[in-house]
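These notes open a run of structures that come right after.
Each of the two complexes below includes subunit A, the first together with subunit B, the second together with subunit C.
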Partner chain A sequence: MEWSILQQYGPMLLRGFGLTILCWLLGTVLGMVLGLVIALVQRYAPRPVGWLVQAYIEVIRGTPFLVQLFVLYYGGPLVGLRLDALPAGILGLTIYGSPYFAEIFRSGFRAVPNGQIEAARAIGMAEPTIVRRILLPLGLVSALPALVNFSIILTKETVILSIITVPELMYQTQRMSTETFRYLEANLVLALFFWALVETISRFGRRLEKRITGYLIERT
Partner chain B sequence: MFSIPTFLDSFGPLFWAARYTLLISVLGIGLGLVIGALVCAAALSSVVWLRRIAGLWVSFLRGVPLLVQLLLFYYLLPVIGIDVPAIFAAVVTVGICASAYISEIWRGAINALPKGQTEAATAIGMAPPDIWTRIVLPQAITLSLPALINELILLVKASSLVSVVGILELTRASQAQAATTFRPLEVYLAAACIYLIINLCLAAFGRYLEHRMAV
Partner chain C sequence: MLAASSVEIRKVNKYYAKFQALKDVDLSIPPGKVTCLIGPSGSGKSTLLRCINFLEEYDSGEVLIDGSLIGYDTPGGRRMSGRKLRDMRRSIGMVFQQFNLWPHMTALQNVAEGLIRVRGMKKAEAEARAAEALKKVGLADKMANHPSRLSGGQQQRVAIARAIAMEPRLMLFDEPTSALDPELVGEVLNVMKALASEGITMVVVTHEMGFAAHVADQVAFMEKGELVGVDAPSGILHHPEDPRIQAFLKTYHERNSF
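Right, the complex of A and B next:
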């Protein structure tokens, strides 16, 4: 591989990497928020709403992310939803991640002992306070490993955004390789880079997980 | 606006293309099962360097996005002198990627078996190969079936990425269809429906297996 190429394309690749991180962070955070809302709706809303939410979960989990992106980005304008590639990509990531996050939160909530919630009701705590003071902190402790794990999985999904022309790292790498005809080297470097990234994040994630779990257990 | 006739018309040709989606997923999981068994054996062996290689294999394939793996293999094979059709490269990549996940599924299933069983088998004088073929493997394979069905569902979805290297499976076919009809919304929704049908059937099958095993 000619390393001068990397020097020439370095700034472009760096920008792409920045965008990859941005898409991942926004997609993860927004997906988590939407997932939390879904999990709470499933717990407290009446049955018919619960069924609708369940259908949403099944549909999103049963279809490929790429097809969801195509529906959103190419199909959206037909019903008046006109988005640029980047917002469409972030929205796509959010929607794609939300049912997985919702299921993680749901099983986290299920792990909260019923006695604790009953005890809170018995001492006259209002339902919103129970959610805020008991369900959320306790549920989060048991949901945390799975949350970290799925966030790591989402880093890998960001490359699919390149197909709808979001100029993230994969997109920039493809551009570099079509301009220099160095397909193999470019993809090899990209693979090694992602390997390192995912390994680093996993390691960091495991450490964070231990810290936060310890902290939350101390507080609650 | 959304046109229902266009939506319904899209199903015919897309169903036809979906057989490639199924073919790639099923062959991919078949190859993944074979390689996954070898990787799992290496991960459980007492030889240190075999365990290291298995660890690297799993970590690399789980750490690199499938799309990057696909392009890497696609460009790598001609360079090392292997000239094969794109579909072959796609199946091999999907299979290799699946092997990393499958080896972990099997490792988990084997580790989940109570240690007392192998100890009891050793105590009554069973030879190690017999212990593996008659005690450990039958139970571990049954135990891993729901997780393997789950992996197959993931592969059906992952096979959509194969469209990038030009294989006319469900996603690629719907791209072509959307380009000729100028109705991307209806066509892609139809494609999503077909994926959903396939995966709901697989999930139902998985639940049936789980239910039968629970008895």
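Right, the complex of A and C next:
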């Protein structure tokens, strides 16, 4: 192995890694927000709207991310949606993640005992207040492990953005490989970066889980 | 003395698909009195209770709180608006079998929540009122505890405090002691007795015949969705005429003798 080329390519790889983190972070946060909105619409909107949303979920979950990205980036301009690679990639991640996040939130909401919602209704609390004060905090606690898990899955989906020329870590790795033929070194570096990212997220997730569920766990 | 509501239930029917849970139920609940609903499991007592604050939607008939219909604009008409329903519910407290406290809030926050979000009180004022309600149910020293750090009996007393802090004119109890260990039943019944003596209207679904005998002003017996009889406690519990009530009490006494 020849690690000295990292002196030359290191900064580029680091920049790529930074962009990977940016894409992942924005795609995950926006995907969660969209997923949450979808889950709330499914719970509260009238039937026809619910069906539409369900159709959206089925379509996005039923097609590969790569295909969605192609449609968005290369097909978008045909309908007047002209996006640069980076925003297209982030938007793509957002859309791709949203139905999974929606399902996670839905199951989190379902884990909230109905009696606790009824108790709020019985004292005359309005439905939006119930969502904000009871359903969301309790549902999020139940959903947290699955949210962290899917966020971790999404880190690795970011490599697909290289195909629409977002210069993230995978893109830079490939560039280094083709310019130097050092495939092994390049990909080992990529693996290391991803492992570090995933490990950080999962540690953070576990800490968060411990903090916010501490008082919910029965202590006898 | 607190202001007390009356409840009029007229020809109420309730279906779950084809199963009829309530059959032409008529019941008059006078203000300031304690009414106990008894009967076998699945007889419709809880369903009837839940129709009184419209947590359960009855299909026909009328439920009137102080003369005004709850749940519908007119008998058999459209569902009433959410705002109207919420306004009516503000004066009806409810206590559940499973307590249903909000686990992410302390005892004090559980009680203050409704005062802040429904009555629009300032936080400090609400918490002062909540502390008072908790003191009343004997939990002044547990205010900062989350429900997971309270016994079942304590949780149920917090739930009662949560309801009475809203100053209801009517209290509904849905088997408030059924989920409790036997040694914790007494503390909850004592709080309910104290509440009864304040003159608030109470409707209690219960299997505690002792409570029904000593605290209730009237006892209603239900079976298979029908209201079989309503009378003073002695009439239902000691001298029942209907063979269905006799049979129910016989199994009850057999189970509780040793």
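Annotations for the structure displayed:
By our rule, the second predicted complex is superposed on the first by the 210 of 220 C-alpha atoms of A that agree within 3 Å, B and C clash if a C-alpha of one lies under 4 Å from a C-alpha of the other, contacts with A are read in each partner's own complex, and residues count from 1 in each chain.
Following the convention adopted for this analysis, contacts are C-beta pairs under 8 Å (C-beta built on N, C-alpha and C of every residue); 3 or more make two chains touch, one makes a residue touch a chain.
Fair warning: this is a prediction, and the values are worked out from it, not measured in the lab.
Set against each other, subunit B and subunit C differ in how many residues of subunit A they touch, and the higher count belongs to B. In the superposition on chain A, no contact is made by A:P128 with either subunit B or subunit C.
When the two structures are aligned on the shared chain, A:E199 is found in touch with subunit B, with no touch to subunit C. By the touch criterion defined above, A:Q68 reaches subunit B but does not reach subunit C. Contacts of A:P48 after superposition: neither subunit B nor subunit C is touched.
Contacts of subunit A with subunit B, set against its contacts with subunit C after fitting on chain A, share not one residue. By the touch criterion stated above, subunit A contacts subunit B in their complex at residues 58-59, 61-68, 70-71, 74-76, 78-79, 156-160, 162-163, 170, 183-184, 187-188, 190-191, 194-195, 197-199, 202. Partner subunit A is touched in their complex by these residues of subunit B: 1-2, 59-60, 62-69, 71-72, 75-76, 79, 153, 156-161, 163-164, 171, 174-175, 178, 183-186, 188-189, 191-192, 195-196, 199-200, 203. Residue ranges of subunit C in contact with subunit A, taken from their complex: 53, 55, 82, 86-87, 89-90, 92-94, 96, 98, 100-104, 113-114, 117-118, 146, 148-149, 159, 162-163, 166.
By the touch rule above, subunit A contacts subunit C in their complex via residues 113, 115-116, 118-127, 129, 133-134, 137-138, 141, 215-219.
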